[in-house]
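Paired with subunit B in one complex and with subunit C in the other, subunit A is shared by the two complexes that follow.
Presenting the complex of A and B:
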């Protein structure tokens, strides 16, 4: 590992200013789960490491009936998994977190790092996107809020500028009669990175028709993708087995998986089809019962 | 033989030090003046080294020495060629590099980063050569040669003396075994089955990567601290390489953080010693996880099996061709191939057998010993094929095994008679524990299907071999054991102490098992081949008995009692009129608080005993496994629901330790069956790390793994005990594959059985309908 400067700012403003000074050669260091691997392997050799863990403004989980759930960027996977507030307001997140990586990674790694890294084989982005989550971003010149869906550009590439930091994830309250399901599929050990991850959310309108549908596919392309054509198959109708099946097969054409250690392109497409069908059915059932 | 009494489960002696983190491992060690070594490794699977210039590396601040081929070739004090079977390895590459990660040069520096920085400054010009990266390709006529010629050592292993590389080919060794008449056997068969099975390269993944500290003194005395499973073999090899008598080489082995065969035979010791010699100060090299993958692997294999059977399931003839990918250097591959060959036809009575088992050079990291030693490869084939045969004959897989399997007194492929064979007990016990009778009763649940499978095995231990032990009685009645077994997690320390405790009737707390230091403990061939309890344990037992004989003589003399009236019991000596303890005897004998009595024991096994009887193995490993699985037919995802493993342990000296060994082996077997594979792309390793090389984790464990100990005492083992370290791993993969077939009717012949393979097989089956 090459030597580097190491800084521990205590405010967001300070951190952003340092990033700006770094001119692309400074990097945010949060949980370090990914950063330490990249640096040890020599894939990343930042001149300056800006550890943001002392910035208390980035910690904590809040719930506000109007705005929804606000999760600080430094909240760890384990904190999310075990948070009482989350368990009560959005239990799906706790369930997802139980399956993320392993307890060592969950104890170290942060939600901000997970979302900002642009790593393709992760779980949270698809779940948050299905929930219409937004992220709050601070920079040396101010603040902005954007839909998480718009953050991703390519493998390991996001639209964050050099001096920007994700400060918070905001999950708006879901409409009445909503159901969500996430299926994490690993093609070998349960702790292996996911091969495919599918999140589906359904909010019901009149009668039993699906009013809002989100189908988000993870690990099957450079970025998480919304399967909008598949969503359209279901919108406005009550879900039945045939529709779910059709949405599944449409969705498997809406992604761009590559063959790798975790499965061939064809296999991943097939799995997308199965998971979308299963996730929709469960989300629908969940919505119908709530 | 002594009566076998029930033994209390004993807590391992090393457990507290290990769970509290106080146990020290090699990576924790420092010696005065030590510097740090790093290795420059080949980026190519096969290349000629045109030019190598290390001059710039020397100018990096902190660098003490750089070792290149010039140092080892020009130095009269070094024989650069070594290897346990053939001398086909060099300390650093001389003319060619033969696999990605092959050591090319090494740097010693005051700090690890300085050494690393210096590696970047070594200039190497390679001429890339075409690489052979698969056994089938390597044995083709005209295939590119990994070795143009191979040096054969003068004094090799006795059991491998007849095996030589086949000149002008990549065949490292070719072991042949014939029994009966294979062609006549096939002619007499009602059905013939032909299948090919494959296994990928895998890695041991011991928690502790290899590490070594070497120090060379002016008088050429070499001291090495190493993570080795066979210090005495490493000692011999270093003595040969550095041209000194073995008395000048001292190997010290701390606790090992796991071995599994990955730490037998020289690994980084020759390089570390050569670097320390050049640096004129002690050097420590600790490998990274990635480097471990370049250092040693498990043989990938392609196994062709042709079997002839009668209508009633009687096996008549079996022909096996086992191709083992031994990588760039023979290492111990020739013995792996031989051992794989002996039992390639499985634990069955078959009148006509023909076996060809080859170790084959390729441009991949060397493959060597791996828990199961060639048998987990061959068993994958024979146990899968047994079920293929059973299915075709509409027979119960359990029945076809019981019908054909070896039993006490059966004739082995070599013609010798098998004794101490608890195979059928193992098979029957696992079948009953998995609920074989209820097989097929489970109703499909949505896309989920359940099935059960069974598999069994026979395996040999290394024979001939030698083990010695010394047991010292101290003046206070406490005892110290000197033995060459390396404690690497298997619990040997505890078992050795238990043997002395039982023999001498003293509590465990009064017994100390010394760590391994070749200057201190007597010779032992190796901590591998599941041999330590049987061989070293027996030597320890003999040493304790020797000690007691001496005590008897001392007592007879000092107390004027005839020897035949002296009895040992509960750590005391019973005389007709008195009971005395060891401490009193010592005091009386030496006349003061002091003195030592030394007992010795030795075990030497032979391939042909004094009566001319052939013995391929000093004892046989027998075992069986049964799996219950659940398969999702839409995704191919498999869940192992239950696993049962039974092993003929002879007699369990430490039943708790035995059960843990069986469970651990089953878990390793599960990884090998379902997940593990070193993936290559043109000879480059794609996943030499624990993010992409997937090991089983707690979340993958079945609800229960049930270890069953079958106790059929072996006449020559200490208190009847046999070795058990490897047995339980071997049947796991075929038992799971057989259970998958039972569940969903598809046959997987290639490991590992990832979800996608099952999925594809199911899709294929659908198309055929």
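Presenting the complex of A and C:
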């Protein structure tokens, strides 16, 4: 690793100003789970590291009935996994977190870092996109809020500007009678990064017809993918086995997996089909029972 | 860049000047001569470099030493108290939960963090918490049994 200047701002404003001054040569450092690896391998050699972990405004989890769940960017995976508020309001997140990486990564790495990294082999982006999550972003000139779905551009590329920091993830309250399921498939050990991850969310309208449907595929392309054609297969109808199967098969054509150690392209497409079918069925059951 | 850091290592207040790019593992092993934690994969996968940072297990191979400024660090050398081994260390010996011992410091500290968080874990909870620690000698059954022994006491 090459040496670098190391700064520890205590406010968001200060951090954004430092990023602006750094003109592309300064990088945000949160949990460091990805950053230290990239720097050790020489893939990234920032002149300045801006460690944001001393900014207390980026910590903590809040719930408001009207706005929903607000998760600070510095919340770690393990904090989310074990949060009482999250367990009560959105238990899917605790269940997903149990399967992320290993306990050491979960203890250090942050939700903000996970979403901002643009790493393709992660779990949280597809789950949060299925939940219609928005992110709050601060920069040296102000603040903006956008749909998480719009953050991703390509492998490791996001639409964040050089001086922008994600400060919060906001999950709006779910519509009545909603269900969500996430299935993570790992083709080697359970602590390996996922091979494929599929999130499905359904909310029901009249006569148990699917009203809102989100199908989000992870790890099978440069960015998480909303399988919109597969969603359209299901919308407006009550879900049955045939429809779930059809949506799975449509979704497997909506992604662009690459062959690697975790499986061939063909294999991953087949897995997508199966996981979409299963996730839809469980989300539907969950919605029907709520 | 050099930076002064202060942290508590095994209960001892410690102040050092370190280069910003050094890892906590390098500093603990090379500057403080605490060589219990080992280098393995270097990419947060194997767990042989595990240390407890403010009570939480971390991969010291991937933590910057400057980032540990102000923290409480526990290494395997700090587990025994007043010449008495920690109950987990006793149990590991009794059950024979090691062969070469390369992974043992990491397993001991991870198990300590688990028991501090959840004093009576189920077997499944033990296996899941420890899933990110690798033992190439394959002592997994014994390791789980040793932890169960302490958890049941």
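Here is the rule we use: the second predicted complex is superposed on the first by the 290 of 290 C-alpha atoms of A that agree within 3 Å, B and C clash if a C-alpha of one lies under 4 Å from a C-alpha of the other, contacts with A are read in each partner's own complex, and residues count from 1 in each chain.
The rule is simple: contacts are C-beta pairs under 8 Å (C-beta built on N, C-alpha and C of every residue); 3 or more make two chains touch, one makes a residue touch a chain.
Everything quoted here is computed from the prediction, not taken from an experiment.
Participant: Determine, for the superposed arrangement built on subunit A, whether subunit B and subunit C clash or fit.
Facilitator: After superposition on subunit A, subunit B vs subunit C: clash.
Participant: Looking at A:102, would you say it contacts subunit B, subunit C, both, or neither? Reply first, second, both or neither.
Facilitator: In the superposition, A:102 touches subunit B and subunit C alike.
Participant: Between subunit B (first) and subunit C (second), which, if any, makes contact with A:187: first, second, both or neither?
Facilitator: In the superposition, A:187 touches subunit B alone.
Participant: After the superposition on A, what does A:263 contact: first (subunit B), second (subunit C), both or neither?
Facilitator: A:263 contacts subunit B only, not subunit C.
Participant: Just subunit B (first), just subunit C (second), both, or neither: which does A:271 touch?
Facilitator: first
Participant: Does subunit B (first) or subunit C (second) touch A:39, or do both, or does neither?
Facilitator: second
Participant: Kindly classify A:6 by the partners it touches after superposition: subunit B alone (first), subunit C alone (second), both, or neither?
Facilitator: second
Participant: When the two structures are overlaid on chain A, which partner does A:51 contact: first (subunit B), second (subunit C), both, or neither?
Facilitator: In the superposition, A:51 contacts subunit C only.
Participant: Applying the document's definition of touching, compare subunit B and subunit C: which contacts more of subunit A?
Facilitator: After superposing on chain A, more of subunit A is contacted by C.
Participant: What is the shared patch of subunit A, the residues that subunit B and subunit C both contact?
Facilitator: 1, 37, 102, 189-191.
Participant: Going by the contact rule set out above, which residues of subunit C touch subunit A in the complex?
Facilitator: So the residues of subunit C touching subunit A come out as 1, 3, 19-21, 23, 42-45, 47, 50, 53, 56-59, 62-64, 66-67, 110, 113, 128-133.
Participant: Report the residues of subunit A in contact with subunit C in the complex, numbered from low to high.
Facilitator: So the residues of subunit A touching subunit C come out as 1-6, 29, 32-33, 36-37, 39-40, 49, 51, 53, 78, 98, 101-105, 107-108, 189-191.
Participant: Going by the contact rule at the top, pick out the subunit B residues touching subunit A in the complex.
Facilitator: Touch list, subunit B to subunit A: 113, 634-635, 637, 674-675, 679, 686-687, 691-692, 694-697, 699-700, 752, 754-756, 759-760.
Participant: Contact residues on subunit A for subunit B in the complex?
Facilitator: Counting only subunit A, the residues touching subunit B are 1, 37, 102, 185, 187-193, 261, 263-264, 267, 270-271, 274.
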